[in-house]
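Each of the next two complexes has chain A plus one other chain: chain B in the first, chain C in the second.
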Partner chain A sequence: MNDRVEVRKTYKLFIKGAFPRSESGRTYEVHDTDDKFLANAAKASRKDARDAVLAARAGFDGWSAATAYNRGQVLYRVAEVMEGRREQFIADVQAAEGSGDKKSARVVDAAIDRLVWYAGWADKYAQVVGNTNPVAGPYFNFTIPEPTGVVAAIAPQDSSLLGLVSVIAPIVVTGNAVIVVASTRRPIPAITLTEVLATSDVPPGVINVLTGDPAEIAPWLASHGDVNAIDLTGVTSAELAKKLEIEAAGTVKRVRPPAQPNWLANPDLGRLRSFVETKTVWHPLGA
Partner chain B sequence: MRTIAEPLNTTSSLREFLHGLPGVDEVGVKARATALGTRSIKNESKAWAIDMAIRMVDLTTLEGMDTPGKVRAMCAKALRPDPTDPTVPSVAAVCVYGDMAPVARAVVGDNLHVAAVATAFPSGRASLEVKLQDVRDAVAGGADEIDMVIDRGAFLSGNYGLVNEQIIAVKVACGTAHLKVILETGELRTLDNVRRASWLAMMAGADFIKTSTGKVPVAATPAVTIVMLQAVRDYYALTGSQIGVKPAGGIRTSKDAIKYLVLVKEIAGEAWLTPDLFRFGASTLLNDLLMQRQRMAVGHYSGPDYVTID
Partner chain C sequence: MTFEYAPAPESLAIVSIAPSYGLFINGEFVYPTDGTTFKTINPATEEVLAEMSEANQSDVNAAVNAARRSYDRIWSVMSGRDRAKYLFRIARLLQERAREFAVLETLDNGKPIRESRDIDVPLAAAHFFYHAGWADKLDYAGLGPNPQALGVAGQIIPWNFPLLMLAWKIAPALACGNTVVLKPAETTSLTAMLFAEVCQQADLPPGVVNIITGAGDTGRMLVEHDGIDKIAFTGSTEVGKSIGRAIAGTNKRLTLELGGKAANIVFDDAPIDQAVEGIVDGIFFNQGHVCCAGSRLLLQESIAEETIAALKLRLQTLRLGDPLDKNTDIGAINSPEQLNKIHELIKSGDDEGAQRWTAPCDIPDKGWWCAPTVFTNVTQAHRIAREEIFGPVLSVLTFRTPDEAVEKANNTPFGLSAGIWTEKGSRILWMANQLRAGVIWANTFNRFDPTSPFGGFKESGFGREGGIQGLAAYLQAANDSADQARGTS
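Take a look at the complex of A and B:
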């Protein structure tokens, strides 16, 4: 009966579509809400963050140039593969968050639905956020959103799957590449998500997932010259948030402040609009 | 090791000498390269190594689409790699095609070396007369370093005498210009051949031996560089003259460059840690060195937005 050798898990990071160990070689123990040991997770260092930024910059070039339709299809594909692993996600969320069967299933379904929702916006948000502007002159004047670039994000600490998906989906659907630091104490659903991302047509480098301590990694991301924006959603300490905002100001990054919304509620376009740059073009008429 | 007593100028005498060289322990060389590559370099040494690597760069553009404007821009960068930081040293030389040598010389003046590739680069498939004229043109155009390619076809078919004669003839055509001999190690197949080609080039009068043209898939590797560094070290022990080494192609990061500097120190010795005896043939490496330098100066990671686009 019970003579199978136990498969002990030591998970790794997700950078450039591959699963490297932390450059530092460090790991940390992950426990469920009852303090039962679940697995070991990699503890990312500043050098892993640096590698992830390189990967994200390389991934950004192709991803931002892909058609909006194509980006939507890729996100939808992620939702498809998640649906296939629904039971695993429910078990992961249950262990991580200590929620019951029903609540966990509701959270996983909401995460999948959220991806589908954002996937749908891929080729539609520009029509809503952009505009043609009436101007007093012989010009056709229009405004379009363009991706900001490489975005670093701190995922919510409590909502390990739904919160994570709600943070990264709007970042990537508009054409950005993201480096996300998963929930420190609840990283397993994020790690399962990386296994989904690796098998669902997301180009390498577009989504990079680090596990570890945001207080250690995030300052390097906030000060990094090749990161264009930072999403502080999951930062729980006001002191750290302030420090990160100051670091980010050094290279004039776009910053989204910490937040703890009800992730189950229907989202608005706020996150989609957070990491786009507005480009306005004056085109001469009748020349 | 035997001495080079008799003049070696025939295929048979060269074959006897070159095939008498000890064989290369390929597994051992690769293990050595890996072991030396893992050495940890602390901050102070790293700062020194980055500046030394910048001073060793032969900033290169060898494209069919090179324009005088692009060569001029590259030369300006070679003189002043980071205009925002006057403490950054100039690179060692610029490396261009022969017809661009006058353009490069006009910008760099006497401040930098101008290296020109010649002898039907990169294939080397042309008559000797064409190759020599190519060299004379480049020298007349202001190049003071000539990067020639050996005839790999002749080398691989064992016609060492022909390769030897061509290098000697090119050396004569160079006049006072330094001669770098490109072995194109990616096409030589074995490390034994790399060792033989290195000796052949050095005995024929090379001032530098260079790994690659950068035009074939396999360019400079640490293992190949180790074999070449061993060759220049042994040649120095035998003859008392120091030959330089130039790995080129595929070295893109500061980390790689520093690994090569470790190889130079450990294999050839500290005497080779100078731009006169060791160079990097590279184009994108310089930007990475500058970003690392900026990171050490300001304390946070830099990005490609803060260096020029090549």
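Take a look at the complex of A and C:
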């Protein structure tokens, strides 16, 4: 038996590329599926959510202006760095979800592959969902997708890594910035992911990760005037979902409803299309 | 210099207006169960045109039930090819009866006959023709193979383009296999009732299109009805938000086309005369009752004086008056309520220190009118620079650099449209990229086409009308139920 005392990690939030504690000073206990203590995670507050929105808005400007090629490479880089930490992710998922070695490995591999899949869409989706329009007149007219802006997302509660990646990748690949609230009871794979994000050329503010209680944090995000859309995928309470939709209506946010899909299944473009705007440009033709 | 014009009124002989109208439910005209009515008035003369029926809860139920029955039994099982033929028939009937629709629209709405005749009605017919062709090609709509209709759509439209908004709503819904219950605005229901007659002439199966008239209460009953799968609303941002709240927690899908406060941006290299035409078209088309109107004019500082002078000269030649006169440029304001709202905002412009100029023109004795008005010395803090006026009122601001133009243009919760006037191609594309709005007109303004998606960013709403993107508002992917996201189709 190794008698070395391990160095344990402090688990914090991920805002603007840095790792702050919650400004509230609060934490909550995280346990594995056998109820064994794993860590104290930061319990994000309203102030943390607002800081994350500020960071996301600042991050959005540069990220949405980056070339599609660049965004694709950054997301691919995230996959590369995840691959290097594969064993850690498998251990994290195993502890969080109580899944066996094989299942955990399958989930981590799927998460990495999903990032690669979405990374490749960065410079293709505009070709698939954009077009020119043959208007009846002497005009050149074209339609292109543009990112919606700042998106708040509630990550799946069960699928702590694959579900999380499947939610945030389609949001950011098109140029949006995201504030994601990680699975409340299974936040550790998300926190490990933030360490990958911090070392993968993801610009600060593009992906911000909060841990804590969606019922406490999400209403502030849903009503925030500088959040353009909200993804309720991981909201498990119909009552909370309704409340968030009501808050979101106050600023005409785009809302993606709660869902519990099979995350191992191959996705389509639905999530990606959920957080883009359609812009149409007209110009006269003439010699 | 003044021009004298002889009157050139369009003949009224082509329309016959009934003294009263019922509701169009299940292919028939029926009167409401409790007989409540309201009057529709010609805003240019204040004369009552007809009595309309106000649909109550049991009428709304009947309309939704008819739409559901017809969806289940007829429309959802009919081939796309056959749905297409009905839509083609409707397009042709609209073309055949175009003049009748134009005159009726002008009578009920107050817009100039030149606009109803040349824009509203032809575009409405074109919308049906375009969408007719989609009905049997939905596999190519971009949502994967075999996309599905949503079911029964509840559609609520405004008074500024009554028939055109009806076409924007009904054509894509039907093409995608949905049935509809449509509520026109309470001040402009007549062309919708004439459209109901067109549905009968086309032998459209009963219940595919149901039209119920009434005001906000009727609209609310429609929005809240359990039998509705989809709400499509065009109107004010305030009502749009309340609809969003009302359907929270349901599976109803929603598209919203709401207000705007578009910037029309003129750079110093733009051809001023062309730009002035675009500015006039941008804000004085349809008396400024246009959600995408270019209501904030942003002039580059070095050409501001020259452009404002040219604009004022041009505005003096606009003819305000009888909407049925073919020479009329500015028609009547649709309702006294709207006129009051415009006056209230004009007063706020005066009170907050902007400088007002009003085009000299004779205001008719009867009816509701507002002369073209231009405010200069407007700051971004003024209400007239922030709020949608929905009238012939232009707020002029200035800028020095392209960056400043972008910042000012985007400094609004709205994001429906924007205009750019410059000869420099790279600047057009850069500006088009920077502006957070759904429709960008460069060296033109207020152009519409069924193939061209229309709709907003931010609080101007979500979802598109027209083009391939517009189909997503009435379809769901065969395998992705989460595609039913609100505003994220």
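Observations on the structure shown:
FYI, the second predicted complex is superposed on the first by the 280 of 287 C-alpha atoms of A that agree within 3 Å, B and C clash if a C-alpha of one lies under 4 Å from a C-alpha of the other, contacts with A are read in each partner's own complex, and residues count from 1 in each chain.
The definition used in the following text is that a residue touches a chain if its C-beta (ideal position, glycine included) is under 8 Å from a C-beta of that chain, and two chains touch if they have at least 3 such contacts.
As the structure is a prediction and not an experimental result, all values here were calculated from the model.
Of the two partner chains placed around the shared chain by superposition, chain B is the only one that A:H224 touches, whereas chain C remains out of contact.
Applying the stated contact rule after C-alpha superposition, one finds that A:E245 touches chain C and leaves chain B untouched.
Which of chain B and chain C touches more residues of chain A: that partner is C.
Using the contact criterion defined above for the overlaid structures, shared-chain residue A:Q88 touches neither chain B nor chain C, since it reaches no partner. Residue contacts after overlaying the shared chain place A:S99 against neither chain B nor chain C.
Contacts of A:N40 after superposition on the shared chain: neither chain B nor chain C is touched.
Contacts of A:H283 after superposition on the shared chain: chain C is touched, whereas chain B is not. After overlaying the two complexes on the shared chain, residue contacts for A:R50 are found with chain B alone; chain C is out of touch. When the two complexes are superposed on chain A, the residues of chain A that touch both chain B and chain C are 225, 250-251. Against chain C, in their complex, chain A makes its touches with residues 128-129, 131, 133-137, 139, 141, 143, 148-149, 225, 228-229, 233, 238, 241-243, 245-246, 248-257, 259, 261, 268, 270-271, 273-275, 277-284. For chain A in complex with chain B, the touching residues are 50, 53, 57, 220, 223-227, 247, 250-251.
Those residues of chain C that touch chain A in the complex are listed here as 126, 142, 144, 237, 240-245, 248-249, 251, 256, 258, 413, 428, 432, 437-444, 447, 449, 451-455, 457-462, 464, 467-469, 472, 477, 479-489. Residue ranges of chain B in contact with chain A, taken from their complex: 294, 299-306.
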